Every structure is written in C-alpha cells, then in structure tokens.
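Here it is, the structure, as structure tokens.
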Amino acid sequence: MKIRNRRTDLALEARELWQESAGKTTRLSGVEAKDTLREGYPVTTVHILDHRGQQALGKPPGTYITVTLDALHHREDGAFGRAVRVLAEELTPLLPSCDPGAPVLVAGLGNRAITPDAIGPQVHEHTLVTRHLVAQVPEHFGALRPVASLAAGVLGTTGMESGELIHSLCRTLSPAFIIAVDALASRSLQRLCRTVQLADTGITPGSGVGNHRIPLTQESLGIPVIAIGVPTVVDAATLAADLMDLDELPRLSADRDLLVTPKDIDSQVKDLSKVIGYAINLALQPGLTIEDLEMMLS
Amino acid sequence: MKIRNRRTDLALEARELWQESAGKTTRLSGVEAKDTLREGYPVTTVHILDHRGQQALGKPPGTYITVTLDALHHREDGAFGRAVRVLAEELTPLLPSCDPGAPVLVAGLGNRAITPDAIGPQVHEHTLVTRHLVAQVPEHFGALRPVASLAAGVLGTTGMESGELIHSLCRTLSPAFIIAVDALASRSLQRLCRTVQLADTGITPGSGVGNHRIPLTQESLGIPVIAIGVPTVVDAATLAADLMDLDELPRLSADRDLLVTPKDIDSQVKDLSKVIGYAINLALQPGLTIEDLEMMLS
Amino acid sequence: MKIRNRRTDLALEARELWQESAGKTTRLSGVEAKDTLREGYPVTTVHILDHRGQQALGKPPGTYITVTLDALHHREDGAFGRAVRVLAEELTPLLPSCDPGAPVLVAGLGNRAITPDAIGPQVHEHTLVTRHLVAQVPEHFGALRPVASLAAGVLGTTGMESGELIHSLCRTLSPAFIIAVDALASRSLQRLCRTVQLADTGITPGSGVGNHRIPLTQESLGIPVIAIGVPTVVDAATLAADLMDLDELPRLSADRDLLVTPKDIDSQVKDLSKVIGYAINLALQPGLTIEDLEMMLS
Amino acid sequence: MKIRNRRTDLALEARELWQESAGKTTRLSGVEAKDTLREGYPVTTVHILDHRGQQALGKPPGTYITVTLDALHHREDGAFGRAVRVLAEELTPLLPSCDPGAPVLVAGLGNRAITPDAIGPQVHEHTLVTRHLVAQVPEHFGALRPVASLAAGVLGTTGMESGELIHSLCRTLSPAFIIAVDALASRSLQRLCRTVQLADTGITPGSGVGNHRIPLTQESLGIPVIAIGVPTVVDAATLAADLMDLDELPRLSADRDLLVTPKDIDSQVKDLSKVIGYAINLALQPGLTIEDLEMMLS
C-alpha cells in the first residue's frame, strides 16, 4: 500500500488519499463516513473511531464534518443565510453540553496580515462577545451565554505562541469549552475557500498555514476544543506532486514559501469569515436570529 | 481656592490647573518640577513626592515626564530621529533595573477602530518582539532582551477588560515589568497629539479615552508598570468649560459622546505611534540603532 | 436683523439661523418648507424659490431634503432597510428624467484617510457599478442603467482638484447627470452623523469638510448634479460660538484645525455610507431590491 | 524550433525562453542584451531593436531593464536606500527629455483589494504629488516638477477601464509623459517579488495580472509611457507546465483562477511599493534626497 506524503488538514481528503492508495474495494477499519445534503449544501461526516482509523488517516479519533459551500460562491439567492444555518446546525451537536451560563472562548488563530491566514482574526471580528454585557447589564443580557473572543495573533507579532496565550486566558476565564478557528491546507484546488471543516478534536501542532507548536486539545487544556477550519492554500509542492502524480513532495527550485490561492482570496476570506462568525453566534446563542446579529454586530 | 473640575490625564496640566486656582505665589507642597530642553524638545518633569502632592494634583506619587514634540509636526529635518532619541533617553531611567535577560511585556491599550484611541494598538505594531527569537535562536538573538507585546483590545471586542488580559498574561510570561501605552485626555487644545507623558506609576481606572476599570499598577500586578500616554482628545465639555471660563463642566445639549480632535488625527496618531514604538525599542534594547529597527521592523 | 456668521452646509440649519435672528413671526420670502414623516424618519423639505430665499439662506435656489436618521443609531429592528428606502424614495424625484440607458456618474468626494471626510469614498465602495457589465454582457445586464463611479481623491493625494477630475471624466463618459456625495459641516451637535441632505443644486466651493474650489454644478458641468451630504463635523469655533452665544466666530487659541466629532465616528461613517450607497443603487436601478444588492455587492 | 506557450511579461524571461527553445548557439537577431551590477544589484538591459526581435520575444521594440532586488529581501544593511538609488538611476535615462516645468502623470494600475495586484495603488500612495503645490505656492515649490498621480482602479470598482480614465485625464493635465506602474506575471518562481522591470514601451493589452484591454502607449496616447512592473504571480498553469516540462499550458482541474504567490506577499508588495515610489520621486525630482522624501511623505 502506497502512502502518499501529501499535506492535508481535511479528514475528508485523508480518507480519499487512503482510498486512492488502498484501492476502492478495501474497507477502511476504524472509520465511518456518511454524505448528506443540507439546505442544498453537501455535508460529509467522518468519524475516526479508534487507533486503526487514526493510523490510516493520520488524525486523532473524533468527528470531522465537512460542509461544501459552492453555492455561496455562485452568489445564489439566500446562499448566505442557508450557509450560516447549515454550519450552525452542524456545529451545535459538536458543542459539549454544559450550563448555558458557562462562559465560552472563541479564538481566532492566524495572521491578520497574510490574507489566506486571516480567517481566524476575521471570524473574531464577526463574533458576538457578550461576557461583559452579561456581567454588567444582566437585566438585559442575562439570557445570553457569556462569550469572550480573541484574535490570538502570531509568534512574530506578539512573541507568544497562540497556544500560550490561550492557555493563559483559560486560567482567567475558566471557559466550559473553546471554539478555535484557523486556516487549513488542502491538497485539492477545488476545495480552496469552498469547504469548512468542523471537528471536536481540537488543533494539533504542525497543521494549518501557521504551523502552531502548542496543541489546543482537551488533553492539553483540560476542556473540549471545537476546531473550525477552512482550506485557503495548497502548498505549491503538493500541487506539483498532484499534477505530476509523484509519491514524494518535490523540492521546488525556488526554495521559498510559495502558496497557491484563488485570485479573489481577499473577498473569499471576507465572505467565509462572516458566514462562520454568524454560524458560531447562532450555535452559541440559540435564541438569536441572523437579523438580530446584523443589528448587534454592524 | 477654586478647584476646577476639568478632565486631564497630564500631571503637567494638573499642576497648571492647581496654580491657576491657587495663584502664582502659593507654593505647591509635595511636588517638585523642572523644565529642560533636550535635542530641541521641551521636557517637563513633575515629581509627586507624597500624599500632599497627590491630593493637590489628583495623581499618585511618582515621576511624570512630559516631552513636547512640536518640531515633529513641523516636519523639521531630523525631527523623527531626535524625537525617538529624546523619548528613549527619558524613558530609560524610568525603567526598573533588572536582569537584562528578564522578559518585558509591552501592552498597547485602546481601540484600534477609533482613531484617537488607536495609539496603543499602533505602538504595538512598531514594537520589536523578541521573546520567541531569544528562545528559539539564542545563538543569533541571545544578546537581546526578551520582549513580548500585545494590543490588549477593548471590552466590546473581546468581552475581557484589558486589565484582565494583562493580569492573565503576567502569570504566563512573568515579566520583570510592563510598559503600557494608551491615549489620554487633555484640557488643552495645543497639547493634542503634541506631547507624550512617561510615568512610573502605571495606569489607574477612569483615565484615558477608554475608561479602563482595572488598575495596571505595581500594587495590582506585583511588578512595576511604566505608562506612556499621548493626549489625543479634549472632551467637548472640557473645551466648552475652558472657552466659557466655567467652574463646572456644562451638560452639552447633544447628550452624546463628542470629542475634539485635530483634523489630521489619522496621520498624527500614525506618526506618534512610530516615534513611541521606536523609543521603547531603543530603551529596551540599548545595543540597537534606529537603522537596525528600520530593517528589523519594516 | 443680526446675521449669524456660523458655518453650516445644511439648508435646514440656515433656515433655523435665519428664524432665530429674525424672530418667529417674520415670514421668510422666497422659501417654502414642509415637514413630513416617512417610515418613521422625519423628512424636511426646503425649497429655495428665488434670489430672496438665496440671499436669506446663503444657498442657491433649488430643493433641499433633510432626512433625520436617529432610529438608525438606536439600531432598531429593520432600521437599515427603512432608512435605505426613505432615502431612495426621496432621492428618486430629484433625479432628472432621462433615457434609462443613459450613463450616470456617482462621485465620492473627500479624503479616505480622514475619517469624518471619508463618507464619499466609502459610499463609492457600496455603489453598484454597471457600465462595463451593460456594455460587455448586454444579454444579462441590458436592463440595468449604466453607472460608473469614482472616489475622486483629494488635492494632496492626486495633485488634482476633485472638480478637475470629474470635469475630465464627463467628457469621456457623457453622463446624463452626476450624483456627488460629500461630508458636510453642521452647526448642531445633535445632527452630526444623524442627518442626510439631498439637494438638486450641486456642490459649491468652500462647502464641506474638504473645501473644494471648483464648483460641481449644472452651470459648470452642463449636466445636473445631485448632491448628497452628511454632516460629520462641527468646527470647534462654531461649537464655541454656539456655546458662548457669540455673533462672531472666535479665534481659538490653539490656532489649529480642530474638529468636533462623535466618539464612534468610524462606525457611524461606515453605517451611513452603506445606507447612502444602497439608496443610490435603488434609486438608479428601480428593478433591484436590497437583497439583490447584498448579493451583488458583498 | 519549439515555441513555448508560457505567460511572461518580462522581456528577460521571453529571451530565456527563446534561448531554451532555439539552443544556446543560435544568435537572436534584432535583440541586444547586457548584464551589469549596480550597487550590488544585478541589472539586465534588453534592447528589442526591430521587428525580428519583436517577433522572437513577443514584445514591442524598446528598452527593457530588469533589476534583481534579492538583497532587499534579505534585509541587508542599507538595502532600501541602495535599491531606491539603483531604480532611480536606471529610470532616469528612460524618461523623455522635456521642459522640467512640464507636468507628469504617475498612474498606479491594478486592484487595491487583491494583494498581488496592489503594487500600482500602493506605489501611488508613495508618490510625491506636487502639481497643486507648484501652482498654489510657487515661491516655495516652484523648483519642483509638477506631478499628478492616480490609482486608476479597476473595471469592477469604477465601471471604467484604467485606460479610459487615463486617456481622459491626459486631455485635462496635458502631461509630458506618463509613468504607469502595474503587477506582472512571471514564469519563474524565483523572480516573484524579486525583480522590477522598467520599459519605455508602455503597457499593452492582456499583460499583467489585471488584463487591461486599452493600450497605454505612445501610439494610443500621443505621449511617451514609461512602464514599471513587478512580477507578483505565476499562474498555476504556467507553474505546472514548467514543473512537468509541457509544451502546452495544461487545463487545471479546478477550473478556477488560481495564483502562485509568496507566503509573505502582503509585506513584499508593501516593501516593493515604497522602493518604487521613492525611486520615481527621485527620478522626477533630482534635487531631492531620500531623507527629504521621508519627511515630505510620512
């Protein structure tokens, strides 16, 4: 069995790669998957059940949900609202059950100044933060869940790992769980800025665009971490390997960090960040509507 | 003796107000002040020595240094370099003596999205962060002091007080001291964006544009806090009181939060943030020059 | 009769000033005014009929409509949509009747880098430009009116007066009329960022924040110019004159360009620009809805 | 002789492609080239002399100068100043000789909102515009050449081709010549954001990232057009063709507009724009120094 050495952060793609290598007829033990359609958007759920699944796909056990948002980019009528609802509905069952008055931390990872890495910081800007309102004006906002949020910055601009910063905040905020949003790498040109992955497994080192070193997981933080990721780049070496059907990543002559992105990456990141931010808000505050959010956030 | 009820964050102005009220001949006990000229820039140092000075000026005991940067705004030749050097030289003796390998935290307070309150976040962008470099590449960067930096955001965008965030980080970083940068209110139209105040007393609640509630002081954090502030606004009521020679702040009919700012506030905040950021860098890393910073930061 | 020497760009305020000076009982000849309420927003229409009205109010003859958008700032439910519709409905009868296939130029005046002067450039970003679509893909877009748009920049960033640039474009585009958007000065703190003035008289030198020197009027350009303005500043001297009930503008001691703005000017300018941009789009393209615009512009 | 169908806007690369195809020993008629080193930066000058050269390289006759700025990206000491001087010195002899009081137009082409296409708009921000100063304050600024500048926007944001806008302005400004700055496509990963091409041939349709349709050339405008371009993207199909040694551009499966860019494209575009803007300023205003520009532009 040929193991392809390509970089992907999507469980969906890891499973595809496994199947390309193993042949269609082999059954992948320790993994369950199903495809559905919700509000017109394809949804694939991959459950990695145990260490066999983990070994085959290279991802920790847990649930990985991929929503494909093609319609959003065709700017179909109502696409924004439908995309927000689908993501909120898929996100909701991933959230740990806990006291509705327990605080939650939404962490936007990545570098605001590098467009394909700016998903996390931009989602932070669309997150409805309520922790201060619930505490200061409980008569008006007592029904909301207390939410704090942060764009965790990057090592080069703060001198601190995002993970250090979030560990530090957890001691002060004592959140019930964390939602961490980050850019991902994909192996597929088609999936760039077109899919969103939700996972209940947190974020592990070496993944994503920014190569975090400190894990953000239940194991390391003591509380559940829900990860939301969007593939915004294919690295040029992975693209080349795919195009040339290589088994190994080639060393590209430029010897530089090169990324393949859509031409309209700036507007795509902007659109997706709003969809994800609103979906997080609806999942965390089930009493609110998109119209409420438009008014409270604009 | 008439006590004027005007809002100022500058010790210099508090002293002026006291003297206007008390008359020129009265001696202000518990306060020492001196004026000098450094590289062409006027520098006023006010020492509040004890509780008498504290009561008269409404500021905690400590050293307050005000540098007037008029020449910077006339864009005189070499004005940028001279301003950076003056601020660095005045800042250096305020810094606590400590192991040069001990980490320091530079905190930019205020709201990036409100121009006159964006001094802190913009200074953060000009701060040379080195903590990760010193740790990861000690053979190249071992001679630098480890510096971490953060734009502390505001309650409305994070759900956390800047003070909470900084308290939280202190436990993780264990800095030797903090430099906190913030926008201030002045009572004088002339001083808007023209002066920088350095103080070794930290930042107390209710000051500045953003009205922080949690003190950032040695008392609350257990380590020294050096405060750097720039008056960027006069509140409209203070302006009115001054113009009309009132003893009380008038209630302006608009019943809204109104600020008086220079017309070119956006470019002034940008210029001053670079000057202050570079001065902090030179004071923390005495081995570097402005040219080094231009290369490392651009 | 005392003529107050205060700076206002609003016909509504010029009329108020006249009445304060002349006394309530005197009738203002050459001027007709009426107040209505539309979708909950107060609308005042002032017609300056002739040279008597022009002399009394210091504005050229024409129609000046002021819509007061207080509800928008209270973030009431549906306030955005109602504000867009009111402005579109008031704007529509001001537009010259012309061939629906004739091109229109929307010009955003002012300086993007000075927040209270950025209304024009930000409205430009919300304008649906269609001229190229109508020409290139007539089978899909032939039903739209061809619209070109431009943020006209400022003298200091282009070396050209906005007026020169627009005159120049008119020769190339041959528009049927121009809609020009600009920031205004008001004498009233309450009106800052709360009112929008629509006028069919173009823009004359010396008005607004940016002090344009070249008129943008039917007389100078040969085509009608509809002006849309928002008061975003009170100059500090006007404020002082009002507060102190002076007949002359005082020389403020600071001898600097100072402005009085709301504390949240950045977000207010952002909100108003979207409302105005969308209203222009609905007035120019009567076949479209707000939902269509959300999809075509985001 | 195999003609490779790869997209490049650099004459340097067109010549390399020709030589790869034709073999090293064949002499390329109608083309002269030479390599030099200036201030440590490699400079290659390609003269396309006649129609034979034009046919071989697919570029109109003229002078094409490529400066390789590797040292800039290594942040070597003094690299910024040296890069500005090299570009200014190479640009100066390309400028048409004309009355020093004749106006010049600097046009930044491209889309501010797409990072790799934002070179032109960002250079515009570093251009010293003087036309209004020379006219209004001749006693102070009479020694400067009158320069106007414009970020020409893009079809989708204005409804006008950049070329239409510039044609239109030429009638108003009557410039002696135009300097037009734009992003280019390269076939080489190494050259991305590392080279600047200066040419006296203007800009022809279909080149660059933005695919302008209207030529900006002496022929179309009646005045000389100096083009300054920076390769910021390789299109993914060209990369694939290079990697796979194909003679034809492959159709990538994604069927989307994909670009290969450096990971740090945002900061690279920012750095290069400042270098180019300053070089233009020095070439147009030989009496000024970099220090003067820092003071006048910051």
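Letters A, B, C and D mark the chains as written, and numbering starts fresh at 1 in each.
Here is the rule we go by: contacts are C-beta pairs under 8 Å (C-beta built on N, C-alpha and C of every residue); 3 or more make two chains touch, one makes a residue touch a chain.
In this text, all values refer to a predicted model and were calculated from it rather than measured experimentally.
J.: Can you name the chain that lies farthest from chain D, using the mean of each chain's Cα atoms as its centre?
T.: In terms of C-alpha centroids, the chain at the greatest distance from chain D is B.
J.: Using the stated contact rule, I'd like to know whether A-C or A-B comes out ahead in C-beta pair count.
T.: Top pair by contacting C-beta pairs is A-B.
J.: Thinking of B-C, which of B-D, A-D or C-D forms a repeat of its interface, with over half the contact pairs identical?
T.: When the contact pairs of B-C are compared with those in B-D, A-D or C-D, A-D matches.
J.: Cα centroid separation between chain A and chain B, in whole Å?
T.: Distance between chain centres: 39 Å.
J.: Between chain A and chain C, what's the gap in Å when you average each chain's C-alpha atoms?
T.: Here chain A and chain C have centroids separated by 43 Å.
J.: Residues of chain B that touch two or more other chains: which are they?
T.: Counting only residues that touch two or more other chains, chain B contributes none.
J.: For the complex, give me every residue of chain D touching chain B.
T.: Going through chain D, the ones touching chain B are 75, 77, 79-80, 271, 291, 294-296, 298.
J.: Enumerate the contact residues on chain D facing chain C in the complex.
T.: Touching chain C: residues 124-125, 129-132, 146-150, 153, 155-161, 164-165, 167-169, 171-173 of chain D.
J.: Can you list the chain A residues touching chain D in their complex?
T.: It comes out as residues 113-115, 188-190, 192, 236, 239-240, 243-244, 250, 252-254, 256-267.
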